[in-house]
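Presented sequentially are two complexes of subunit A, the first with subunit B as partner and the second with subunit C.
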Partner chain A sequence: MTAIGSNTPAWRGRTTPGSKYLSLARTTLQQAIAYRITTFFNVGLTFIWVIILYYLWRAAYSGRASIAGLSWDQMRTYVVIAYGINALVGWRTGTAMMAAIRTGDVVFEMVRPLNYCTTQLARALGFTVVEGGISMIFTLVIGLVFLHIQAPATVASALLFVLALIIGFLTKVLVVFLVSLLTFWTLNGMGLMWSQQAIMQILSGTIVPLALMPGWLQFIAKVLPLRGIVSTPLEFYLGKSGGWDAVGLIGLQAIWLVALWIVANLAWKRAFRVVEIQGG
Partner chain B sequence: MSPIVSAEGLVKQFRRPKKGPGLAGAVRHLLRPRHETVTAVEGVDLSIDEGESVAYVGPNGAGKSTTIKLLTGILVPSAGRVQVCGVRPHVDRQANARNISVVFGQRTQLWWDIPVLESFRLLGDIYSVPDAAYRRTMDELVDVLDLGPLLGVPARQLSLGQRMRCDLGAALVHSPRVLFLDEPTIGLDVAVKARLREFVGSMRAQRGLTVLLTSHDLGDIEELCPRMIMIDKGHIVYDGAFAEVTRRFGWEQKVVVTLADGATDAAARAGAALARVQPVIDETATGLVVTFDSRSISSGEVIKELAVALPVVDLALEETSAESIVRRLYEGNLTFHPADQEITR
Partner chain C sequence: MVRLLRIFFRLQLVQLRSALEYRADFWIAAVGAILQQLVSIVFLLTFFGHVTSLGGWSLWQILVLQGLVMAADGIREMFADGVWKLRADVNDGSFDRVLVRPIPPALQQFTALASIHGIGNTSLGLVVLVLGLARSDVGWTWWSVPVLVLTILCGTVLTASISFLTNMIAFWEPSAQSAFPTLVALMRDFAKFPLDVYGAGIRIVITVILPYGLISYYPSRLVLGVGDSPGWWATTPLIAAGASALAASIVWRRGLNHYQGVGN
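Let's turn to the complex of A and B:
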């Protein structure tokens, strides 16, 4: 790693230029590792909600076999995995994007030969390896040891789950990115981050499954892309959706992903035109 | 040879929200937002040849940083044309990014929490620097900037001087053709400053690097930049040799007079003696400072008149340095008349 004391200087070890976005993801990962303790507590705290929701639902299920088509076993599983997925793209991804804009460090990303949106995806990927890894530990420990969650319904549903999870990850990063772009106009992001977090948790189905929402809200949630982040992968996991239904859900996710990608790039161009870098 | 950096009639205007004071002002702004247009750069023309080293100076808020941001593609001009290495920066930002590099004295482009070497490697990847070139550049940078002991240290643990050395190195990993330095020596001690200047000078000599430097430190300018462009309130007020400044604007001269004890009404008497050239006379504890326009009266004559009118103990003629001219410009005490501006380049 370091040049000190070795005969061959470390920079000579490089053999070929790496892919720039992978290299960015790796560097972000290294940076995220520097904050692993903070991240551990950030993720851990969100799992308090899992415990609260667990007891709420247990009370609701007493004397009932199923609510909105979900058995108690399935609901338990839903609650734990929903929070596990939610923690994949954590607080740091959004705050890092906003901080770059607020402090003006965004200039460096603008004077490099990089597509800004891809850069954000690459960085989110780096953060997610750490945040997602920690989230996975919590999900497995709490889910398997304490709350006894179910395994995926079938092998096919497990595969669909993973596919939907990946598209959902990209969707969430783009949504967070779009919200963070508002910082160019407001120049202060904390309020934005909080409201974004709250809205996303409701409409993605993290707090309650979409099936339990009142009709009008359910309609909104089903049309918007946010369901693809938590609800869609979980529908697959629990085996609630298969065949043409699954094709439809994945298709909707994919269409939204493409749309968000286009909007994100356009929004960045627009933000770029009004930009006023902070601090001279 | 066409210039490597050129701008014609470059204008940048910002729209700023206009808010009244206090909570009431904030609420009123929320209901009926008003904006005012601020012009940061107003019709700037630039022409810099490859390999030149140019100082870009002016008081705070004069439009220096805005110009740099226009040249680096960070800002989109409101009007006018700009070209760097044959590329229009805001149109093809990525192509421009490959040709240039920027160092900001007040920001770092190093990744804060990871060893410096990792930042260098990432930059090498971002600019797709081929392996042989990467090694050659790194060997050179590590040698000249003495980066060896710093490469394993996370950027946040570096002192300001060390950080600046690393930042300069990081800016050159992809061998840019144009280097923008925005107040690179701010806050650095004398020894580090000297070293950085030497480094930038040698890069320019060896690689033919074009350097555009903004600085408030005249030492930077004197040592690095034969040419100086001065901007004030969005307009270019001087473009020429640094040494020329004195000749062109140094017409204001000063005579410091020490008077014998008990001299009364000294200022009034001096004023009367020199009435025809309307000097500016300031009283000091020991005498007077007489400031006059050397185009309308010679210093010899001023001294002669003062010696006759007052009980003079000592006289000193103060030469106007480029530094004092720049300082007075910054303080707003020197206005450039259109007649002074015949740009000879």
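Let's turn to the complex of A and C:
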């Protein structure tokens, strides 16, 4: 063992596949830190709706104890945490993927001996450390100082919340990834991002809890994977489901995650072929 | 003035032609923009499934507020979206080109981008507005329609001026990445609901500092007859449009003087 060898432990670590992805995540994290002010505003603007929703619900709850089984305390908690979770995988993750495709940088991703989907997950993780960190600050400051949100119902529900949150995070990255693949066929990334954001806000239960939605919309939202991103973690947080209910919800999240993973890999291969056609 | 208007529309037409080369893009953008607006409508419909009124306003009356804001912003998007290119133009130096042409720079900036997809938001806004009015049991008078039209047009001027102002940050703070202008533009969502529900701080901001309320809440109260509203509220859209346009033109002049190009 030479002195040089012992000075570069990080370098040796990169030879295993797992830490290749980790170093990708680290690189993205550094990029994200460079844009922290922008990220701050990007997260901040999603919280405009937290303020609006707070006041609207406050008016609705005046003289009422509960709406669709949710108390005023629970609704407030729901609104703040829903937007906090929704900001975890934010604007930059999606636009970065799209930009790579539009500028042609995606070629570099293709020649790397790595799984492209995992690469994107790793990058998203890097962004999330910053976006999620800032979003956490917003959530905690607004939630604890101004809106006095509740703590998780029980220790078990807190643990379930974290588990569902992690699966939800992976789900959202894959959905954003699938949407960004569409930029292989169209130039308009903005329109795609707007649509994705809007549908996500409705069907994940960010704008309004699933339990309050009109029947037909509730049915659609309950079947689709997007509920796993915001609604499912929050149901655990508020202690609205436990026991077999919880198993079912986590199971649904997991099934969707696997399905999305398979679809994402297939879609990526399709998209890959399109690139070849354009280049040939 | 007529000449300027002709140039304005001529430039818009040129942008429009280039935009129409990508038809699929137009549809994607239009659908995306409409979906974004639908979020607040879906929320409202769900919300009113559980309550009957919000601060004394019915669902349909609130749809009037939503429609006014959406239509104004849609028209702004169609005719003045170029201001959103200002930051990028100042950054890469292509703003120099604007300065050497014998046409007012502001006019060129407004027409730097044709966001024809704004027609999506405009139509949705008008549909929502008409639906809301039809079900709101409005006591129609001779000034109702003129006030509504005036409100939409002044709303266009206000939202355009505010976007213009916030994007002028590029002259002083040349990082093209800032999300600050988007943040300010999104504050218009506050004006999609009756201001009565908010706390005093927000009400003051949305009335005085970013007067989005003057192009939705105040004229709507007058037209819809919600509560007591003095007749002069009919002129609040004019105040908002005039003041914001004045502020934009003053800051624009200072910005132009401050601009030094990117040079190297």
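We adopt the following convention: the second predicted complex is superposed on the first by the 257 of 280 C-alpha atoms of A that agree within 3 Å, B and C clash if a C-alpha of one lies under 4 Å from a C-alpha of the other, contacts with A are read in each partner's own complex, and residues count from 1 in each chain.
Throughout what follows, a contact is a pair of C-beta atoms (placed from the backbone, for glycine too) under 8 Å apart; a residue touches a chain by one contact, two chains touch by 3 or more.
Since this is a predicted model, take the numbers as computed values, not measurements.
In the superposition on chain A, contact is made by A:Ser23 with subunit B only, not with subunit C.
Of the two partner chains placed by the overlay, only subunit C lies in contact with A:Met190; subunit B stays clear of it. Once the two complexes are overlaid on the shared chain, A:Tyr55 sits against subunit C while remaining clear of subunit B. Contacts of A:Asn42 after superposition on the shared chain: subunit C is touched, whereas subunit B is not.
In the overlay built on the shared chain, the residue A:Ile67 is in contact with subunit C alone; subunit B does not reach it.
In the superposition on chain A, A:Val263 makes contact with neither subunit B nor subunit C. Residue contacts after overlaying the shared chain place A:Val107 against subunit B, while subunit C stays out of touching range. Subunit A residues in contact with subunit B (one complex) as well as with subunit C (other complex) are 35.
By the touch rule above, subunit C contacts subunit A in their complex via residues 22, 24-25, 28-33, 35-36, 38-40, 42-43, 45-47, 49-51, 54-55, 117, 175, 177-180, 182-183, 186-187, 189-190, 193, 197-199, 202. By the touch criterion stated above, subunit A contacts subunit C in their complex at residues 35, 37-38, 41-42, 44-45, 48-49, 51-53, 55-56, 58-60, 67-68, 186-188, 190-195, 197-199, 201-202, 207-208, 212-214, 217.
Touching subunit A in their complex are the following residues of subunit B: 14, 65, 69, 72-76, 93-95, 97-98, 100-102, 104, 106-107, 109, 111-115, 117-122, 124-131, 134-135, 138-139, 142, 148-149, 151-152, 154. Those residues of subunit A that touch subunit B in the complex are listed here as 1-4, 9-12, 14-20, 23-24, 27, 30-31, 34-35, 104-105, 107-108, 110-115, 272-273, 275-277, 279-280.
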